[in-house]
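Listed after this line are the structures, all set down as C-alpha cells.
Okay, so subunit A shows up in both of these, paired with subunit B first and subunit C after.
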Partner chain A sequence: MSAPKPPKGHFNILYFASASSHTGKDMEALPAPLPLRKLFDTLEERYQGIRETVLDHSLVTINLSYVEMPSSEDEDGEDNAVVIQEGDEVAIIPPVSSG
Partner chain B sequence: MATLQPTQNEEPPEVGAQAQAPAAPSQQPAQEPTEISEDHIYVALTHDHLNYQSIIDQVRSPEAGAIVVFAGTTRNNFNSLPVQHLSYTSYAPLALRTMLTICRSILTKHGLKGIAMVHRLGVVPIGEESILIAVSSPHRQAAWRAGEEALEECKAKVEVWKREEFAGEGGGVWRANRDGVVGVRVDEPRIGDGKGDEGGSGNGKNDGQR
Partner chain C sequence: MQNGDTNSAQNGSISSVPRDTSRPLTEEELDRYSRQIIVPGMGKEAQLRLINAKVLIIGAGGLGCPAAQYIAGAGIGTIGIVDGDTVERSNLHRQVGHSTSRIGQTKVSSLITHLRGLNPLPTYVAHTTHITPLNAADLISQYDLILDCTDNPATRYLISDVCVLLCKPLVSAASVQTSGQIIVLNCPPTPQGQLDGEGGPYPPCYRCCFKKPPPANAQLSCGEAGILGPVVGLMGVAQAGEAIKIIASALHVPPPAEGAPRAPPVEPTLLLYSYSLTSFLSPFTFRALKMAPRKKSCFACGEGSRERLTLEGVKNGEPNYEFFCGLGGGPKAGVLSEEERITPREFVERVQRKEGKGKYVVLDTREKEHFSFGSIEGAVNVPFGKLLSKAAQLERSGETPEVEYIVPPEVKIEDEGEDVPIYVVCRRGLDSQEAVEKLKEMGLDKGGKRKIVDIAGGMKAWKEQVDPSFPYL
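Let's look at the complex of A and B:
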C-alpha cells in the first residue's frame, strides 16, 4: 500500500482488515503532531466502538516499525513519549492471517 | 491497495526519437517493490497465480541434496461453514520486510542453501495456492524442518490478512491466525452490544482463545 503524501500538518494512517472494515477506509490523513498515547482516543472519537472491536487487539506501526502503545493514562515521561509527526505513516495492524 | 495514480499527465514527452513506450516503470502506480531478493533468499507478494517451477528455481543449488516445497491452498470451509471465496490483503512493504527477516533467520538456523516465500494477494479461488515456500539444504532433514518453521513464522507474523466470504450469509470475516477462531464479522449491522458469539473480541492478540 503506497499512500499519497499527507497534506501539510498531517500524517497518514492506514487501516487494514477489520480496521478497514470498521472505518470504511483504507487510509486517511489526520492532523499532526499527535502524541502516540492519544491515538486510540482520537480514533475512538471518530469511529465509535473501534477501540473494543479493533484497536484493543491490534498492533501499531510508525514508518514500518512496531511501536509500543503507552496507556492513555500515562501522562508521565512527556520527554521520551513518542509523538506522531507530520508526514509519518502510521498503520493499525489487526491480528494477521496469512497462509 | 495501492492507489492508482493517473499518469497521463506525467508530461514532458521527450523530444527525442522514441517518445513511444518509455519502458513502463513510470507507468506503475507509485510502485513499492513487490519482491525482494538477496543472497539465497527470495520473498514476494503477487496477484498472479503462484508458480511451482519458478519458486523451486529460486532455491536450486548444486550444493543442495533436497528441496522441500510447501503449498498452502484455499479451503472451502471453516469449521465446516462453507466458504465461497477468500481474498488476501497486505501491508506490502512491511509484509515483505517481515518475510525477509523470517527467511534470514531460518536460512542461518538450518544452514539452508536457499529459501523462498511467495504469498498471493487478492481473490484466490477455492483450491488454489495462496502461499508457496521452498527451501533447499544439503540434506533432507534440515529442509523438512525449515519448511515447516518458515510457514509457522509466516502465519504468525507476516502482515497479510485473509478474508473469508461464507456462502449463504451476508458479509465475511477477517480471519486471525493467532487463535484459530473466526475473526471479526464485517458488513453486518452490529446487533445489541455488537458482539456475537463468534469471537468478535476473541481474535485478538491480548485475549486468546475462547
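Let's look at the complex of A and C:
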C-alpha cells in the first residue's frame, strides 16, 4: 500500500528503521521544492542529532531511485543540481545489520 | 557438449564452477525436482546448474534457516554452513531449521540435520566457526555464491570485501524488529577495480551502498531490539530465491577471459520490507529501490581499490573491521564519577530501605515492552529514544525543565517539591549512563543541587544481585 499523497507544495519523506525510531514517525510531508543538498540540514533542524546517528550512514532515494548525496562543501558543484519536487517521495534508509 | 559457458580457473583464487549441464538427471532427481524443472525458464540445464553449484550460507539464524531450507530443497549440490553458535530456546520463534530437541547443539549440526531430512542428495559441509578476517577467504573461495545471513556490521563489510576480492556474487540480507532489506551484490561477479569497458556498468558491493556503518551505540541487535519471525523469514526466503535465480541463469559464473562476451549487468535493486504492528492502514509495505552501479570512489571495488584492499591485508587485520564498526572501544562508558553510580544492591540498602516514598525518583529507560514485565517499585518508564528527542527539543527552546517535563503527562511525581535524587536504570547499564549525562546537560541537576545517579548494570544486574525471579528479557 502506498503512502497518502502529500499536500500541495509538499513532498513525502519516509523514515525506515532507526530513522523512524529517531523521528518517532514513519513519514511526514515537508515543503517543496527543496534542493537535495539542503535535505540533511532541514532534518537536523527538526530532529537534532539525526545527522550523526542516522543520516550520515543512510542511503537516500527519490521516487524509489538511489541518489548520491552532494557534500555540503561544494555548494555550487554541478552534481548538486538535484531538487526535490512537489509530490516526490523521498526515503531515508539506514543499513540494518541483524539477522 | 559444454553449452558455451565453459569455464576454467582463469585466476588462481577463483574456484572453477563445474559446467557439465549435459548429463541426464537421475530418476530420483527428476522426481524430486520435477515441479521446479517444469517452471517456464527453468528446464533441465538450469536444474543441473543448481546441482553443480556450491553455495555458502554464512549464519544459521533467522535468515540462514529459511534460506537454507529452500537452497537445499532446490537441490543445490554443495551447501556450506558457517556458524559458531549453539541453539538456544529464544532462537526458535524465527530460526525454523532448529528444534526444541536440539537446544544446546551447534547451530551448524542442528541445521544440517534438518536439511538432510528435507533433501539427502546435496553434500552438506559444516563450518562450525564464526567467520573472521583470518578464515574468510579460505571459506568463501570454496564456493560459487555466498549468502550473508549474519547479524553484525563488521562481518557484513568483511564478507562483502572478500567477495569482491575473490570475485563472488553475494546475496546480502538483514532484518531487525519489523523491517528487512535484501540486495544482490557483485553480480555478475566482476573483478575488483573494474569500472570501465564493455559489459558495464558494473555491479555494486556492500560498501558502494553503505559507505560507513552506523555508530556503535545506534546499532541494534535482534537480542536487544527484538525481531518478528515472519519478517526475517521473508528476507531469508527471498535470499534463497535470488540465489536460485542467479545460479539457474548462470549469472554466478566468473567473467570469461578478456574480450569474451559476458552476462549483461543486473540492475542493482534493494528490496525493502517494512511491517507495521500498529498501523492497520498499511499492514505491510514492499519497496524495490533502484540502486547505483559500482562506485568509482568505493574503497573496496572502486578506482585504485587493488592497492587498498588485498587478501593478505584482510588476513593481517587491514582494514580493521571491528574498529571501523566502532566495536573496538566498546560502548561509551565510564564518563560518570563514582558518586554518580550505585549498584542495585546498594540502591536497595541505602535508598529503598532508608528513604521513604517521595524522597527519590526512579526513571527506567527501557522500551515499554520490556518495562511491561516489571521494574523497580515506583519506577517511571521513559524510553531512551523518547528521552533523547525531548532533550533535543529542549536544546532548541533553551529552557531549563523540571523533572515533570521528561515523564509522560499521566505520571505524577511525588517529590514533595524538593529536588530529590533521580536514579536511572536501563536494561544492561549503558543507556542509563548516557541518560544521566543527558539529564545533566538538560540542567535537571540544578547545578549540582540534585543528584542524578546511574543504577550500574541495569535490570540485568538487578536480577543477579537483588531479585533472581525478575523477568529480565
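The definition used in the following text is that the second predicted complex is superposed on the first by the 90 of 99 C-alpha atoms of A that agree within 3 Å, B and C clash if a C-alpha of one lies under 4 Å from a C-alpha of the other, contacts with A are read in each partner's own complex, and residues count from 1 in each chain.
The definition used in the following text is that contacts are C-beta pairs under 8 Å (C-beta built on N, C-alpha and C of every residue); 3 or more make two chains touch, one makes a residue touch a chain.
The model shown is predicted, which means the values in this text are computed figures rather than measured ones.
J.: After lining both complexes up on subunit A, report clash or fit for subunit B versus subunit C.
T.: Result for subunit B and subunit C: clash.
J.: Please indicate which partner A:18 is in contact with in the superposed arrangement: first for subunit B, second for subunit C, both, or neither.
T.: In the superposed model, A:18 contacts both subunit B and subunit C.
J.: Who does A:32 touch here: subunit B (first), subunit C (second), both, or neither?
T.: neither
J.: In the superposed arrangement, does A:60 touch subunit B (first), subunit C (second), both or neither?
T.: Neither partner.
J.: Tell me the contact category for A:47 with respect to subunit B and subunit C: first, second, both or neither.
T.: second
J.: If you stack the two complexes on chain A, which partner ends up touching A:99: first (subunit B), second (subunit C), both, or neither?
T.: Both subunit B and subunit C are touched by A:99.
J.: When the two structures are overlaid on chain A, which partner does A:84 contact: first (subunit B), second (subunit C), both, or neither?
T.: In the superposed model, A:84 contacts neither subunit B nor subunit C.
J.: Which region of subunit C runs into subunit B, 41-49, 131-139, 311-319 or 347-355, after the two models are superposed?
T.: For subunit C, the clashing option is 41-49.
J.: Would you mind listing the overlap between the subunit B footprint and the subunit C footprint on subunit A?
T.: 1, 3, 16-18, 21-22, 26, 49, 52-54, 56-57, 59, 61, 64, 91, 93-99
J.: Can you list the residues on subunit B that touch subunit A in the complex?
T.: 1-3, 5, 29-32, 72, 88-95, 97, 119, 130-131, 151, 154-163, 174-178, 183-184, 186-187, 190, 194, 200-201, 203-207
J.: Name, in rising order, each residue of subunit A that touches subunit B in their complex.
T.: For subunit A paired with subunit B, touching residues are 1-4, 14, 16-18, 20-22, 26, 49, 52-54, 56-59, 61, 64, 91, 93-99.
J.: Which part of subunit A faces subunit C closely enough to touch in the complex?
T.: Answer in residue numbers: 1, 3, 16-18, 21-22, 24, 26, 47-49, 52-54, 56-57, 59, 61, 64-66, 68, 91, 93-99.
J.: Inside the complex, what are the residues of subunit C that reach subunit A?
T.: 59, 61-64, 149-153, 156, 173-177, 179-181, 209-215, 218-222, 225, 227, 232, 235-236, 270, 272, 274, 276, 279, 281-285, 287-292, 385-386, 388-389, 392-393, 395-396
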